[in-house]
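In the two complexes that follow, chain A is the common piece, with chain B as its partner first and chain C second.
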Partner chain A sequence: MWLRTLVLLLPLFSAGSVTAGPDNYVDIARGKALVIAGDCAACHTAEGGQPFAGGLALQTPFGAIMTPNITFDTTTGIGSWSADDFARAMQEGRRPGGGHLYPAFPYPYYTKVERSDLDAIYLYLRALPPVENRVNRNTLPFPFNIRLLMKGWNALFFTSGTFKPDPARSAEFNRGAYLVEGLGHCGACHTPFNAFGANQNDKYLEGNQIDNWTAPNITNDPRVGLGKWSVDDIVQYLKTGQNAFSLASGPMKDAIENSTSEMPVADLKAIAVYLKERGAEGPPASTPLAASDPRMQAGEAIYVDTCAACHVRTGTGVAHLFPKLAGNVVTTQEDPASLIRIVIAGGRAAATEGFPTSPAMPSLGYRLSDKQVADVVTYVRNSWGNAAAPVSEETVRTLRAKVTGAAPGE
Partner chain B sequence: MARRLPRKDVVIVGLGWTGSILAYELARTGLDVVALERGPWRDTASDFNIGTAPDELRYAVRHDIFLRPKQETLTMRNNPSQTALPIRKWGSFLPGNGVGGAGLHWNGQTWRFLPDDFRIRSHMIERYGQGILPEGNQIQDWPVSYDELEPHYDRFEQVAGISGKAGNIKGKIQPGGNPFEGARERDYPTPPLKQGYAQSLFTKAATEMGLHPFPRPSANISMAYTNPYGCSMAPCTYCGFCEWFGCANYSKSSPQTCVLPALVREPTFEARTDCEVTKINLSGDGKTATGVTYVDASGEEWEQPGDLVLVCAFSLFNVRLLLLSGIGKPYDPASGKGVVGRNYAYQTGSGALGFFNDAKFNPFAAAGSLGVALDDYNSDNFDHGPHGFVGGASITSAHTNGRPIRYHPTPPGTPTWGSAWKKAVKDNYQRVTNVGAQGSVMSYRNNYLDLDPTYKDPLGRPLMRMTFDYQPNEQKMANWMAERCQEIVKAMGASSTKLNRLGVPWSVVPYQTTHNTGGAVMGNDPNTSVLNRYLQSWDVSNVFVMGASAFPQNAGYNPTGTVGALTYWSLEAILKYLKSPGALVSR
Partner chain C sequence: MKLPAKACHARTAGLGDMTMESADRRYGRTSRRPDGASPARHGVTRRGLLLATAALLVTTSGVNARVVTKVLPWKPNDAYPVAPVVPGGYLFFTASEAAVVEAFVDRLIPADDLGPGAKEAGVTTFIDRQLTGPYGGHDWLYMAGPFSENPLPSQGLQSELTPRQQYRMGIAALEAYCKATFNRGFAELAAADQDKLIAGLEKGAVQLPNFSSKTLFTAIYNNAIEGFFADPIYGGNRDMIGWKLVGFPGVRYDFRDVIDRPNQAYTLPPVSLQGRPAWGER
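Here is the complex of A and B:
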C-alpha cells in the first residue's frame, strides 16, 4: 500500500524544482515524453544528422531557415542556457541575449506550455549527449534577415501566456486542448497562414498547404474534417498511422512515426476528444461533377487503367495498404495539393509498430501529362459520393514544377 | 588481411526467407543480429514500381534480379566419368541475388510434403519390399516426421498468408481440399485464388476420372491479409508476373512483404548488403565457429566474429560454403564416405499440352500458383507395384502467365520462326493449356556436389561441381506421369495433344526448375547426414544450416513450404541451444 501511495505522489514531487540534479530520472523521463509529443526532433535534426543537433533547412515563403542545434553543446548548441533562458525562448520567442527567434519556431504555440513541463524538457535535453554542430542561423534574405522585424510581427500576431483550461469542459478535453494548442502545435501546419506567415486564428485547424502537401481540415466538419471519424478512429490513426478511412503519408507520416505513435493512448484520446468537441468549420458543400463531363470521362479511363488495380474500381482501396478514396477527406479538401503530388511523385505511408509495412504509392508523373493528372484527380474528387471542385491543368503544372523541379509545361 | 569487427551474438549468411525469419525471431529476443547478404538491398517500395515491375525483357529475359555467373557459377556434368565445365549462362535453374533471395522471384506454390515423404525409405520397403528401391539409390528417411513439422508448416503459412483449401483438418477429410494431405490443425489463413476456365475443365474431367482435384496452395494471396508480424498484404490482381519478378502489389508472400517491414524496426538487427561471406571461421580444434570472413562491395575483407552462425544462403551455396570452410567431411562417391555434397537432388517436369478447337483460356489472367492440382499420383498415394519406380508427382492445370515474349505454345511441327510460326502463335495463344507433372527425385550415389578441381571464382576459390542426371527411376516415373497428364487433358476436350517427356540426359540449358535440394542433408546418422534433426551441424555445434540443402531427397512438390517449416522447427531448437549451447543430439 505504501508503495502505491509513493507512486501516486511521485508526479507531484516531479513537478518540482528544475534545480534537481542530473539524475532526476522521473523529470527527465517526463521531459522525453514531452519532447516526443512536441516532435522536436522533426525540425531539429538534419537528414542523416545527429538527433537534436539542428541543421535542417525549413522552407518558408520568406526563404530557408536552418534549425538550430538544441543539444547542450556550449559553443554550438544551447549548453550555456539556463532553465529560465530556455523557458523564455519557448514562451516568448526570445534568445538569452534578447534577440528574436522566427516564428517558424512555433513559440506562439509553445507559449501555452506550463513552466513545469518546459523545465522537464530542459532537463531531458540537458541529459542527452552534447553534439558539436555549428549551424548557419542567418540564411534568410533581406529584409527578412532583420530579426528585429519580429518585434512588429509579435505585436500583431503573437499573444503570450500559458494555457487556460476551460472549466466548463471535461479534464480530458482540456488535456487535449493543452497538447494540441501547445506542444503538439498541430495548428502550425493545419491552420492557414496570412501574408505574414502567421496562422489565421479565425480559421484555426481548417486546413493549409505545407511544403506542397495538403494539411487537411481537422475540425469536426463532416465533409472535409474529422466529422465522420470517431474518437477511436482518431486515436488509431495517430497511434498506427492508419484507420478505416485513411493512411498517413507526407509530413503527417513523420509526425506519426516520430511523435504520436510513441505517445500514451490516454493523451491521444484527449487530443481526439478535443478535436471532436471543439467545433466544426468547413467550406460549403460542392455538388459532384456530372459523370458525363469530359474531364470525368477522361479521368475515369485513366483511373481504370492506372489506379484501380490497387485502389479498386469502386474506390474502396485495400485495408492497411492502399487508401480508400471514396469518402477519404484528403480527396475532397479545397486544396488538392496532396492528391496531385502523390500521383506525380508517389509517397509512402507511415510505418508503425502496429503496421510496419509502409506501403508505397509509385510515382506516375513520368507517364501522365498535367492534363491527365488533373482529370484523374478531378474524377477521384467527384466519384463514389465524393464532391469537390475540379482541378485544372494549370494547378497541376504549377505543383509539378514545385515538386519535381520540372519547368512549367514540361 | 581481414579487419576484425566487434562481436555479434548471431551472424546470418544470406537474407532470404530463412535468414529474415531467423533474424527477426532472434533480434526480437534482444540478441545482436547481423545479416550478411551478397546481393543488393531490395524492397517493394523502392525496387518494384507497379509501372515498371511487369517488365518481361528486364526480369525474365535479362535476369535482372538473379545471380550473375561472374559473381559465382558452378561446373556441371552428368556423371563422374565426364569432365565438368562451368555454367556460363544460367539455364536449367536460376539462383537469386540480393535481399529476398529465391523468396523474391518464386511463383509462390507453398506445399506441405506428405507424411509418407518423410519416411519414404521405410515406407516403400514395408509396402513393396527392398526390391522396389532403384539401383544406386541413397534414399533415406527424414529425421523428422510430418506430425512434428505440422505446427511449423502452420506457422510459415500464417506468416506468408497462404491461400488454399484444407483437405484434412485433424483427421477429418474436407470436401474440395486435398484428401491425401497430412492432418492439419486448421485451414489456410486465406481462401483459394479464383480459378480460370482451364481449371474448371480440369476439375470436371479429373473428378469424372475418379481423381481428387483441389486448388493448389498459393503465396499469391486471394484477399487482404495482415500476418502475425503485423505485415500487410493485398489481394492478387492476377497480372501473371510472379516467377522471376518482384511483386509490386504486395500480393506475393516474400521476405519483402512478410518479414522485412517488421525486421528493419528491430534495434538490434543490422543488414549488410553487397557483402559476400567467403568462409565460416573455426576455432583451432575445428569444433566451434568463431564467426565469418566476408568481402564487401569495394573488395575489402572483414572478419565478423559471432557466437552463432546461421547459414541461410540458397541451397547450393550453403553446401559450397560448408565445403570451403571445412565443416563436415566432403562426400566421396567412390568410397561412399563423407557427407557434404551427398544426396544432391532436383525435380522432374513432364506433362502434356492440349490444343483445343474453340476455347479462350485467357492465359494472361494468371498468377504464379493459380491452378488446380491433384495428388492421386504423388508420393505413395497409388500402388507402385505394377510400375517399378519410386516417387510420384503433383499434377496440375495452371496458367502461371501469358507473357508476350516467352509464352507462345505452338503445335508439333510448327516452324520455329517466320510467318508460319507467327500465324501458329496467333492461332494458339488462347487455345492451349497444359497439364503438368512436377515429380520427385530420389537420391543416388552418383548425384552429388563437390569442389571442382580446375575452375575457380574471382576470389580464387574453387567453384562447386555438380554431378547430376535423371536416373532410370525418375525417367520411368516422369514419363508415366506425362501419360496421366495426357489422359486428363484429352478428357478436358483437347482435340490434339503434345506429350512432354522428361528430357535426358539432364541439360543445363533450358529452364526447368530452381528446386535444387540436398548436399547438406539432415539425418539421425552422422555417417549419412551433415546436420542433425534440428539442422545443427554434427561437427560444429554453433552452426545451423537452413534451406532445401537439408532435404535427404526431393518430393513431388515445390520446396519452399517445407523450407519454411524446417526454419521454424530449427528456430525452436536454436532458442533451446541458446540457453545451453552445445550439441542438441549427441553423436
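Here is the complex of A and C:
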C-alpha cells in the first residue's frame, strides 16, 4: 500500500523543485512581487497589448528587438518551458534549445537573482492566463541577427553567478544591492553603454541616455548624483514619483508607476541605503558659463518670459508641483537630452497612489527655435549654482527631429 | 427634456460648450444667407431652435464625448500654434481699398510724439488677414436674423452684413461720397478734411450713399484698436508698438516677483507669442 502511494507521488517530485497546486499561493504571491520589482511588464507588454504577451519594439543601436511573449501559451509563449528552462534564460541568457538571447533582455543582471526567487517568478507567470500572441523574434538586421554572436559578447562582457552579499555591509545594504544589481536592473538604463551595447562596469550607475531621455547618475555624487538626497528622499521618489527636488518623467515615470510605487517601503529603503552608501562617482566639476555670454543672456530672457512663471525666477520651482531646477541633477548631467526634449515636447510627471496629481509641462517646441532651446537650456545648466557644458543648436536640432517624430528613433 | 447619457457625459467632461458651438455653427451655415427673411417666414421659433440645437447636441455628442478618468489627457508635442501672419501684399483688400483703410487708421491713431501709429503698426495688414479668416465671414455667429432696426444695447450686433461685406460696400460708399464731394479719393484728402469726415461718420452726420456711415466707422475704429493691441503674430502691433505705448507686459502671466512692490515701475519689456528681440533670432 505504501508503495502504491509512493508511485503515485513520484511524478510530483520528479517535476523538480517547483510544484503546481493550490498550496503554493504564497510562492505565487511572492513571484508577483518580484515580477513587479523587476518591472517585467515594462518590456514584455506592448502598448495597448495584453500584459506579458510581448510585442513591444525595443530600440537598440543595432536595430529594433521585439520583446517575446512570456505568458504560458504553449505555441507563442513560454508554456513549454520548465522551471529549469526559465532559470537558465534568466541566469545565462539562453533559450531551452541552447540558443542565445540578446542582452537587451538584461540577463547580466538577472544572473544575480537567487533560484528560489526565479522559481517564484516562474510560478506566478505560469498562474497567469496564457495569451496567444505570436511575436516576430527576428527583426534585427544582419549581422546582428546571428544570435551566435552573443557567445562572443558573453565571453567579453557577461559574468554569470548569483549575488554574493558583502559580509562587511549591513543586511539592508545587501538587500538593496541584491535588488538594484539583480532583478531591478537599474544599471541597464543608468550605466553608460560601450560600443557593443554592454554596460560599462567601471562606470556603474554613472548615467546614460535611453530612448532620447537622460538616465541620470545615481551614485552618491553630490553634484550630478544622489548626494543631496537623503534616504527618505529616495524612498519618497520611488514610492510616489516625486519629492522636494524632482518629479519623475519619461521611462522613470513608467518604472515608478508600474514597479517601484508598488514595492514594499522596506525594499525601497534598502535600495536607497545601498545607493547612498555604495560610493560617489561623477565627472569633475565644470565652471559655470559667464552671465555675460550671449547664450546666457538670450537664455535668461527666454527663461524669464517662458519658464519662470512655474519654475520661478530663481530656479526654485514649487515643491511637489514644478520641478526645482537649481541644483536638480537632471540639469547638470553631461547628457542634456531630457532637458531639451522636455522643453520641446513637454513632459508629464508620474501619477501614483501617493501622488496622483501628475502635473504636466506644455510643449514649447512650436514657440522656440533650435537656437533658443539651446540657449535656454544652457542658461538653466549654468545658473543658480548649476554648472554644465553649454548645449549647441545642432544637438537640439538632432533631438528635436527624434522627439517630434520628424526622424526615426522615437 | 431628458438628455441621453452620452450628452450628459459631454457636459461633465467640460466639452458641452464645444458641442453647442458646433451645433450653432451648423445651424448658422444652413441658413446664413442674409436675405432679410423674418423668423415667421422660416418658421423658426425659439422653441424650435432650442429643440434643433438640443437634437444636434445629442447627435454630435457621441463624437465629442470622452470620459476622463485618473489623470487629465496629455500628449507630447501637443500645441495649438498660430501661424504667424507674413506681412506683404493684401489678400482681401484691393490696392485702392487698402489705401483708404491705411489713411483712415492713420488718422485714428496717428504717429506723434508718443510714438508710431496704426499705420506703422501694420494695422491694415491685420484687418486684411482678419477679413480673409473666419472673422471676415462672421463664421461663428448666428446670422439668419431677424435684425432689429433699433436694437437695445443688450442685443449686440444687429447687422446682416459680414465684416467682409461691410468693408467692401462701406469703402465703396465712402469713395463715392469723397469723389462727389471733394472730387478725389479719401486717401488723397488733407489730414484735416479726413478728420472732419471721420468725425461726421462717427456721429452719423455724414450720409454715405446706400451705406450706414456709423457701421463703417465702427468697423474700422474697432478693428484699428484690435490691430494696434493684438499680439504681433496676427500682423498688427508691429514690434509691440501698441503694448510699449500703454505699458502692457504682453503674454507674461506671472507677477509674483513684483506684486509686493506697488507704485514701482514695471521694468520688464513686453513679450509676444513669438518672444521678443532679446530671445535672439528665430
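Assume the second predicted complex is superposed on the first by the 384 of 410 C-alpha atoms of A that agree within 3 Å, B and C clash if a C-alpha of one lies under 4 Å from a C-alpha of the other, contacts with A are read in each partner's own complex, and residues count from 1 in each chain.
What we mean here is this: a contact is a pair of C-beta atoms (placed from the backbone, for glycine too) under 8 Å apart; a residue touches a chain by one contact, two chains touch by 3 or more.
Every value quoted in this text rests on a predicted model; they were computed, and no experiment measured them.
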Per the contact definition in the header, classify A:Ala401: touching chain B only (first), chain C only (second), both, or neither. neither
Residues of chain A touched by chain B versus by chain C: which partner has the larger set? C
Would you sort A:Ala387 into first (chain B), second (chain C), both or neither based on which partner it touches? neither
After lining up the shared chain so the two structures overlap, which partner does A:Phe355 touch, if you call chain B first and chain C second: first, second, both or neither? first
Quick check for you: in the superposed arrangement, does A:Ala127 touch first (chain B), second (chain C), both or neither? neither
Let me test your reading of the model: by the given contact rule, A:Ile344 touches which partner, first (chain B), second (chain C), both or neither? second
Touched partner set for A:Ala309, first chain B, second chain C, both or neither: both
Contacts of A:Leu321 with chain B and chain C, given as first, second, both or neither: first
Do chain B and chain C land on any of the same chain A residues, and which? 309-310, 346, 348, 351, 356, 358, 360, 362-364, 366-367
Chain B-touching residues of chain A, taken from the complex the two chains share: 309-310, 318-322, 346, 348, 351, 353-360, 362-364, 366-367
Residue ranges of chain B touching chain A (in the complex, touch as defined): 44-46, 49-51, 224, 226, 229-235, 237, 239, 248-250, 257, 261-262, 264-265
Going by the contact rule at the top, pick out the chain A residues touching chain C in the complex. 294, 297-298, 301-302, 304-305, 308-310, 312-313, 344-348, 351, 356, 358, 360, 362-369, 371-372, 375, 403-405
Looking at the complex, which residues from chain C come into contact with chain A? 70-72, 74, 76-79, 81, 252-254, 256-257, 268, 271, 273-276, 278-282
